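Okay, got some structures for you below.
Below are two complexes that have chain A in common, paired first with chain B and then with chain C.
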Partner chain A sequence: MTTTHTSTSPGPPPATFSFPRDYYFPPFFTRQPQRTTFHAQCQKWSSLIQAYCRAHRIWKLSLVDALDTDLFYNKRLGKRLSMADAREIVEFMRTEGRAEWIGKPGAGEEGGTAWIWWRTPEEWAGAIAEWIDGTAQKNTVLTLYELTESEATASEEFHGMDPELLQKALNVLVKRGKAQVFGQEDQQGVKFF
Partner chain B sequence: MSRKGVGLAAFDRSRITSAQYASHGNNLRSTHSTSLATQLSVFRSLLQQFAQTHAKDIRSNPNFRAEFARMCAAIGVDPLASSSGAGGKDGGSFWAQMLGGSVNDFYFELAVRVVEVCGNTREENGGLIGVKEVKDRIMSTRMEGGAEITEDDILRAVGTLKPLGSSYSTLTVGHKIYIRSIPKELNTDQSSVLEAAQLLGYVTLSMLMVNLRWPRARARTAIDDLVGESILWVDKQCEEWEYWNPGFMLEAEENANAG
Partner chain C sequence: MGNTPSSHKISAQDKAILDMKNQRDKLHQYQKRITVLTDREKAIAKEMLAKGNKQGALLALRRKKYQESLLSRTDSQLEQLEKLASSVEFALVQKDIVFGLQQGTKVLQEIHKEMGGLEHVEKLMGETADAIAYQKEVSEMLGGRISNQDEDEVEDELEAMEAELSSVPLPDVPAAELPTKMGVEAAKEEREEQGVRMLA
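On to the complex of A and B.
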């Protein structure tokens, strides 16, 4: 654990993200044996992961990749979270409604990938509907690409959103009868009511 | 004294003199007491005025508040004892009225925040939290430009919780003061471990065995007990397992910022 190998995907340095103080507490990276302590630990990790993903605009977290990033690996302390513990924490987040495994919860080495709901699809649906409302674009047709990649949404939190997540959010609106999605594949458009 | 007279008339004279002394004494006493009463009422109104005009300072300026508390202590007044004293004697409400409740309110509000912090962190620290940490946590959630508070204020606020039962109390271990929100005693071994953990933020089995000359089993028991109560967290990513006090998170962060 003490060897510092250069990670494969360090990503851009998180200039704006400041880690919470728990991140500098060495035992934070060891699963606590005591039940209530572990519960407190999970809650702290949950809010850290959500804040980190929000700051870095991460929608899906692949555990095997994330283990080498500074989220799970505090290089300054030389402490890191193990795969098993990371999985347990994401599982805790799932019970909280703040994560969802993609595919089958990967076992063993690969660890799996999970949506991190720093906003749930319902909340995203609300944010999109609000933006449509606020910019008076009801009854206009937008392409899905426009919705997340155009300059018009650059200041919105859903800018650059994962297309799959966008589908989920729009599905919520469709179910509520507030939107209609048509077209196919990468030519999809959406109309809001 | 007057010259001693001789003859019967001397008796009369001495009676008259003593009566005069007595009446003069009464006069003096009554003037004294009226002047004392005036002084007291002046003092009372001045203190009231002082507390009212400086209510804002008392709330917002920690130095001023500490000085005010010191002044009250010097003249034998405890602005807090007044309202937290049981029984509701006249003296009780007297000070509360006089200080316009501003001092009391300040500490009661602070006490509510202390209870919040203790409740929120109980899972991670087993209901034992350093006064400094409570202060830092309260300060961090305050608005910009909000009133500053000191550790002294926090201790006073904890004092106001006393009438509510024994669950909140302060505990000194080593040279650090903790607030305990779970009524549980630490035994001497546990206190020793906690004190040892103040030095580096953590302890290990061998540290205890070497420095306190404890046998392994004794060190093991004390550590396991503290871990079992969430007071210590274990870090297994080192040569020998380290047991950390969660209060150390703050200092760790300060080091990180400095480094």
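On to the complex of A and C.
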């Protein structure tokens, strides 16, 4: 798996990710010309991409790398999603609030990289706030590193989270007045209220 | 930081705690790095030994041993940092508790001041007792007057009942003839004789 994600995963990705039935249906890999059919196709691809990224702990998806993985390439069928179609699906996900382009959308030959929101920053903010409440850590100073890398969060879904995404989630809590981030760029901490 | 200003303040203590925790995190990362290095040295030693390079294997194991000594040293440093951070956090909790106790005591003293001290309370209790006694007297007086009034009402009610009863028709006089005096005396004598016979 050569997707770009800067943080380490909490463990090895699942040995077998169970793909949905549509994945084994050849037309699924071909852009459907009829508008309503294409919309349904995009929705199914969106669900698949989210589930796949969740299972493999992928936060950022590089399309050029992902085209060679089992996500977009079904070896059994010998079918592969084209770069243009993959871009279109990610763009659809962006309109649905489930993806966000990093840099210019689909820039150059690379095909672009996008955040895949299998949980939106708002949802991540909620999960972190819930953990803080549950472990009675309000008014406690925590480092950003310990939030995602310590043993204390090993069983949490945000363990091993991409640092950039963590910043986005914390900014949601800052705007709500539930947290304050402070410290130097590479050694930041957060205090929850 | 570029964050929106918050009503919550980050104190100097918070910054100090963050510095300690950042130092702890650095040690954690350093330990991870050393662990990777020791694993690599072990793999190199095995590889060298398989190739028959005993000297190379020995060198790799020496490096591994040195890395392990660093690891144990960082362990004790990490423990010290953890303890220190915990102590500071606990001291902050204690500070809050002391502040809470101070506030509570202050409020209690204010309330006592408003109450006017023990003498005032004692005087008030005396006055209260007097007032209660006076009230009791008043109640008794009022109670007496009310009972006289009640008595009159009860008598009036009784008279009304009697008047009501007098209007009810009385039963007829019995028509049967009453026994004569002689008959009564004869019966009495007979009973006495029976009694004597029983005694005999």
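We adopt the following convention: the second predicted complex is superposed on the first by the 176 of 193 C-alpha atoms of A that agree within 3 Å, B and C clash if a C-alpha of one lies under 4 Å from a C-alpha of the other, contacts with A are read in each partner's own complex, and residues count from 1 in each chain.
Here is the rule we go by: a residue touches a chain if its C-beta (ideal position, glycine included) is under 8 Å from a C-beta of that chain, and two chains touch if they have at least 3 such contacts.
In this text, all values refer to a predicted model and were calculated from it rather than measured experimentally.
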item: When chain B and chain C are modelled together on chain A, clash or fit; value: fit
item: First (chain B), second (chain C), both or neither touched by A:Asn171; value: second
item: Partner chain(s) touched by A:Leu142 [first = chain B, second = chain C, both, neither]; value: second
item: Which superposed partner A:Thr95 touches (first chain B, second chain C, both, neither); value: neither
item: Touched partner set for A:Ser155, first chain B, second chain C, both or neither; value: neither
item: Touched partner set for A:Phe182, first chain B, second chain C, both or neither; value: second
item: First (chain B), second (chain C), both or neither touched by A:Lys79; value: first
item: Nearest Cα pair across chain B and chain C, whole Å; value: 39
item: Chain B residues touching chain A - in the complex, by the definition given at the top; value: 123-124, 202, 227-230, 233-238, 242, 244, 246, 248-250, 252-253, 255-256, 259
item: Residue ranges of chain A in contact with chain C within the complex; value: 140-143, 145-146, 149-150, 171, 174-175, 177, 180-183, 187, 189, 191, 193
item: Complex contact set, residues of chain A against chain B; value: 1, 21-22, 24-30, 32-34, 36-37, 39-41, 43-44, 76, 78-80
item: List of chain C residues in touch with chain A within their complex; value: 1, 3-4, 6-8, 10, 14-15, 17-18, 21-22, 25, 28-29, 89
